[in-house]
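Structure record follows, encoded as structure tokens.
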Amino acid sequence: MTPAERAKQPPADVARDGPKLTGAKLDKRLAATWSNPPGFLGWLSSVDHKDIGRRYIVTALAFLALAGTLAIVMRLQLSKPDNDLVGAARYNEIFTMHGTTMMFLFAVPVMQGMQIYLTPLMLGTRANAFPRLNAFSYWTYLAGGCLLWVAFLLNIGPDIGWFAYPPLSGPQYGVGKRTDIWAQMVTFTEVAALAAAVSLTATILKQRAPGMSLGRMPIFIWATLVTSLMVIFSMPSVALASGMLLSDRLVGTHFYNPAEQGDALLWQHLFWFFGHPEVYIIFLPATGFVSEIVATFSRRSIVHYPIVVMALVATGILAFGLWVHHMFATGLPRIGYSFYTAASMAVSIPTGLQIFCWIATLWEGRPRFQVPLLYVIGFIFTFVIGGLTGVIIAAVPLDLQLHDTYFIVAHFHYVLIGGAVFPLLGAITYWFPKATGRLMSEALGKTSFWMIFLGFQLAFFPMHIAGINGMPRRVYTYPAGMGLELPNLLSSLGSAVVAVAVLLFVLNLVMSARGGRAAPANPWGGASLEWATSSPPPKYNFLHIPIVNSLAPLWDAGEKMAVVHGLRIDDRELLLTTVVSAKADVREPSAEPSLWPFIATIALTVMFVCSIFSPWALAIGIVPVAIALLAWFWPKSPEPEREPVIS
Amino acid sequence: MTDRDLAPSFIEDVSALPTHAFSHRSLTWWGIMAFMVIEGSFFALAIAAYFFLMAQEQQWAPGPWQPPGLVAGTLFTLVMLLSEIPNSMIKKAAENYDVATARQLLPVMTAIGLLLLVIRGFEFNSLHVLWYESAYGSIIWALLFLHTTHIVTDWGDTVVLWRLMKTPHGKDPRRLVDTEENALYWRFVWLAWLPIYVLIYWVPRLFH
Amino acid sequence: MSLRFRNSLLALGLVAALTGCDREQRQTRGKPLAETVPASTSPDTVFPGNANVPPSDPRAAVYEGNATAISEGQRLYNWMNCSGCHFHGGGGMGVALIDDKWRYGGRIDQIAATIVEGRPNGMPSFRGRLTEQQVWQLAAYVRTLSGQARKDAVSARADEVSNTPPQTQTKREPLTPADSAEQ
Amino acid sequence: MRRGGAWLTFLLTGCNGYQNAMGGDGAEGANFIQLFSVFMVVCTIMYVIVAAALLFALWRRRSAALVVEDRKHHQTSALVRPALFAWTALIGAGLVALTIASFFTDRSNAAEGSKPQLILTVTANQWWWDVEYNLPDVSRTVRTANEIHLPVGIPAEVTLKSNDVIHSFWIPNLAGKQDLIPGRQTDAQLLPRKIGLYRGQCAEFCGTQHAQMALDVTVESKEDFLRWYAAQLKPAVAPANPQQHAGYRYFTTRECASCHNISGTPASGQVAPDLTHFASRRSLAAGALPMNRGNVYGWVADPQSLKPGSRMPTVGLKADELHSLVAYLETLK
């Protein structure tokens, strides 16, 4: 409904929710206010966090499939020594694309997608803090991903590794525009991640349901808050680094040119100051999933909630003090290394505490072995190996041997697949009925779980051995006779198992979305607010904004759900609460659907892509961007709207 | 009706709550704060890079380059500091719903922004080094460029607010919240400038 | 999606692919295998008054806008110590290369001929000292020094002491007939 | 079970390798094995504890549980808190012990390289290693490529430089890796303990042929080393028969000499591997191929199909040129 149409309505018809306006009547009115405009343009202009979150997740899974395909190609190439399936230059492109896609286009976006989808639902609010920024974030992410993959398919994909160390990525050795495309893709995902993080932070701080003080926030929300702040503090670092790289390559600055007092190590410092927190930006939301799943499937609240929260916060802070452990082999002053060794090892304390709390919760409760919990169990068994190899490579004398070998490849796949993808698959299974109103098949789910779990061990455990047997990373081939044949063959076989299992998982997703068993509002008997609304949730999320009195609102609610009333229903109105204790404070309107975030992304894309070729593109390209932003932020109606009468 | 199994019990009426608020009670304030933190980290990291590069040098500004001329940069700093006077007046006016004062002062801020951009042009001219001559030149150009983008964005925002205030939109108290937040952002822009001013103009003088 | 729209998209994609390919193609061997045909059989590559300009060598197109070729040429420029006489294009004992004054012609095949044949007053012949492919790469790089090559195929600078403004930003020097005819 | 199987694999495939972190043929390499074993023991214990606790938590017999169905979901049994303290203390103690162990190993590694008796410079290039033995007497400098000879038991210091991009110097049997960074100088200490043939490899991604940038390492007795060194000091042998002579002529007057150096001949290019004693090496093209006649033929005739992207161009030699060149190169012992 446009504002003009709304203004025509007689005032007597306008009402607020309350005892007199509830149920189906209210549903109809709210649905009218919160629905998207019709048609394809309406779809493009959606600012609904559920739409955006779903698009984020689906797109990220598509990138996972693409990058996974590349992984299979690499495993085929490495399945035997001196293989010539893929040439050197192509292989370098492939592993660059694999790493870049997995880190920038799958792992971070999929986590943010889950956060965007779930956060307002778990907080008991109707929208994200900045819905248009959120939509803009998605489109920008999509543009960045397309840029990279279109370039790759046109045979101008980057070939400098996902870490892009200069001088290899610099103007002299990074030939052509391949590196520029990589760096500009980073800028896109950067902007997208920052936009999403800003919106999430403000949502969590200001839009919690009344009574949901900081101490009653679900742990997943804590994880989201910590990771969003980490995004805010770490992403500028890689943006600065890649900006400097682009300007070195385009306008001949000397940031990384040692001959003119620049320094190649400057890149490594800036990159890892972002790159290490990045790992936790992926891992912490996963621990949030685990906490939610463990609580629901143990049928009890998490043991020692404050410890888990403190562990999340501590990990977030410590993550910024570890970046040098990626640089132990660069010959920095040896004495400083001890600090980073100690700090790197110290991270295992908060992680160990979280693991304790999960196990204790399972111990105290009565576990129900459904697919989400299976993934959590698989996560603990797998992730702990990755965590412990992390302790091993935190030690300088060990790292100097193992650094940049397949041991590291094994380590971070244990941490990222075991530590983040397993919980993610569990979380998708767990929240799938909420998002679609249908349950996933349990039998297919269990089959794919066991195949992924066992296939993963087969694929990645032998890599530890390959690394110790002297196999460096990022090699397109290796000679026979070094003890690398067997581990590599096993890895390749394992990767095939994982690929089949992931296909099964996707098959399960598709089949269940079409014909799965219908899910009630709370299929697993969960305690957090997202289970209080129907599956799938209505556009407006909650009929009435709930009031929260405990850590497990649905378990402690009793017969009736306490709610607030008196919000406008003819306008997208949100209830803001105070930052710490979440007392109802202000009613603010939320943004209407708009095409402008999409148009702004188009303008931004033109500017960014052209700026690969000429610096003047920045000066000229900013004009359409500014126009799009202006239209985006322009207030909707010139007159302040009348407050509706209270019926 | 959704298929929730819990019936609502109406506890609290929020209809009397205000529909806008200043400072940390408003949503956009948190957005602006977050962006200031992002840009602040950006500046902080650029400054760290500056010191990292400086540590590679025996002399700063290195060898053949003269330190930048002081006139334009210092003039810029003075104007920037003085601009805080109308800026805080606007902020106060917005908080007191004084639309008339805001309408009067926003064009002043627009003019100041324009003046600053002109002076900034002279600043680029007085650096005595080009970005492609050495890493030293690259980093001071980068710092100055980074800061210029902030002047430009805030200037754009001020122009828009000024035009908005002249329309009936100006009566909407939420636009006054926007004006207040724009004033807050301007504070960030000049606060961020002060360390950069020292790094561009004074540090190369001290270690030359 | 109409068929026409799809076709035009396809065409657009193809064009993009081809331009990308040209610039980014990584040819590690000459085509045909190790070219043995010299760039120009005649040392006389000067055509005063635009008289009888022979058509450009077809191989010119392969090297001219190719980023890899230019980059390899840049490396050879240092390896073959071209900077010993020409410095970084600014000239010294040898002629300047950053302007577009060419005594012996500024087309890539003419430059290649100059490298192969050598020229009076000091320019040695590299015949047999470089492979033909390397000669073409070197010629492709030399052309970039005066801003003749595609800006998206050159590198802004090398990882060495900065001597010239970034190549991606250098203006293309105008070529005047008088210059090219100068003897 | 899985771990047991893996260790078995490990024993079968590892340990005897010539490029193996568990080789332990140098002082630092041996320290690595010691420290790694300590870490493995501690980490395995921790893993077993976590796994056992998890399994027990999942399948323990429960008469009653603190769950929502019994309205006890916010309660926690009294044992959890002391267990948490014990667990934290255990992690803390383990980490402190490991940090200390790591620190002392690091000190011991640093101490071993303090009095080098042999100094060499390794300069990395895309994609080969330039090696120079630096003696106080400059005239006795030896330059070679893609191979290092070291006398056993004698500490050597390797100065590391790079001519282009970042590489990493790694001979796993002897010591950990060290990056070679343009514009910086780093160094590595090697103290070989066992006579043998080893292999090193670039461990930092450095472009197209990163995978084929290896280094042959020969650790030999001091006498053997001195003999080798003396041989390396000599200029190249002169061609003996007409075919070799033709090869010599081609090499010194054509493309080869633009980049390669052969001491005692007019070929004095400095940007590619020094070939003075080419035929005495174990491999060619930076470890890409074993040294034998067939590979030399293949490499000289068409390097770009054996190591695509390498800086060695495919020259397009005629058959007789190829025969004579290989005949000459094979004399360069």
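Residue numbering begins at 1 within each chain, and the chains themselves are lettered A, B, C and D in the order written.
Just so we're on the same page, contacts are C-beta pairs under 8 Å (C-beta built on N, C-alpha and C of every residue); 3 or more make two chains touch, one makes a residue touch a chain.
What you see is a predicted model, and the numbers here were worked out from it, not measured in a lab.
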Winner on C-beta contact pairs when A-D is weighed against C-D: A-D
Most centrally placed chain, judged by C-alpha centres: A
Chain whose average C-alpha position is farthest from chain B's own: D
Centre-to-centre distance between chain D and chain A (centres being mean Cα positions), rounded to whole Å: 37
Cα-centroid distance, chain C relative to chain D, in whole angstrom: 39
Euclidean distance of C-alpha centroids - chain A vs chain B, Å: 30
Inter-chain centre distance, chain B versus chain D - centres from mean C-alpha coordinates, in Å: 51
Chain A: positions in contact with at least two other chains: 89, 167, 172-173, 248, 251-252, 254, 257-260, 263
Residues of chain C engaged with two or more neighbouring chains: 26, 156-157, 159, 162, 165-166
For chain B, residues contacting two or more additional chains: 132-134
Which chain pairs touch, all of them: A-B, A-C, A-D, B-C, C-D
Residue ranges of chain D in contact with chain A within the complex: 2, 6, 9-10, 12-14, 16-22, 28-29, 31-32, 35-36, 39-40, 43, 46-47, 50-51, 53-54, 56-58, 60, 62, 65-69, 72-74, 76-77, 80, 83-84, 87-88, 91-92, 95, 98-99, 101-103, 105-106, 109-110, 126, 160, 164-166, 168, 170, 172, 175-179, 181-184, 186-187, 199, 201-212, 308-309
List of chain A residues in touch with chain D within their complex: 87-89, 92, 159-161, 165, 167-168, 172-173, 258-259, 263-265, 298-301, 303-304, 307, 329-331, 334, 337-338, 341-342, 345-346, 348-349, 352-353, 355-356, 359-360, 362-367, 369, 377, 380-381, 384-385, 388-389, 391-392, 394-405, 457, 461-462, 464-465, 467-470, 472-478, 482-484, 486-487, 525, 527, 550-552, 555
Parts of chain B lying in touch with chain C, wherever the complex brings them together: 130, 132-134
Interface residues, chain C side, partner chain D - complex: 26, 28-30, 33-36, 75, 79-80, 128-131, 133-134, 159
Touching residues (chain side chain B, partner chain A) in the complex: 1-21, 24-27, 30-31, 34-35, 37-39, 41-42, 45-46, 49, 52-53, 56-57, 62, 131-139, 141-142, 156, 160, 164, 167-169, 171-175
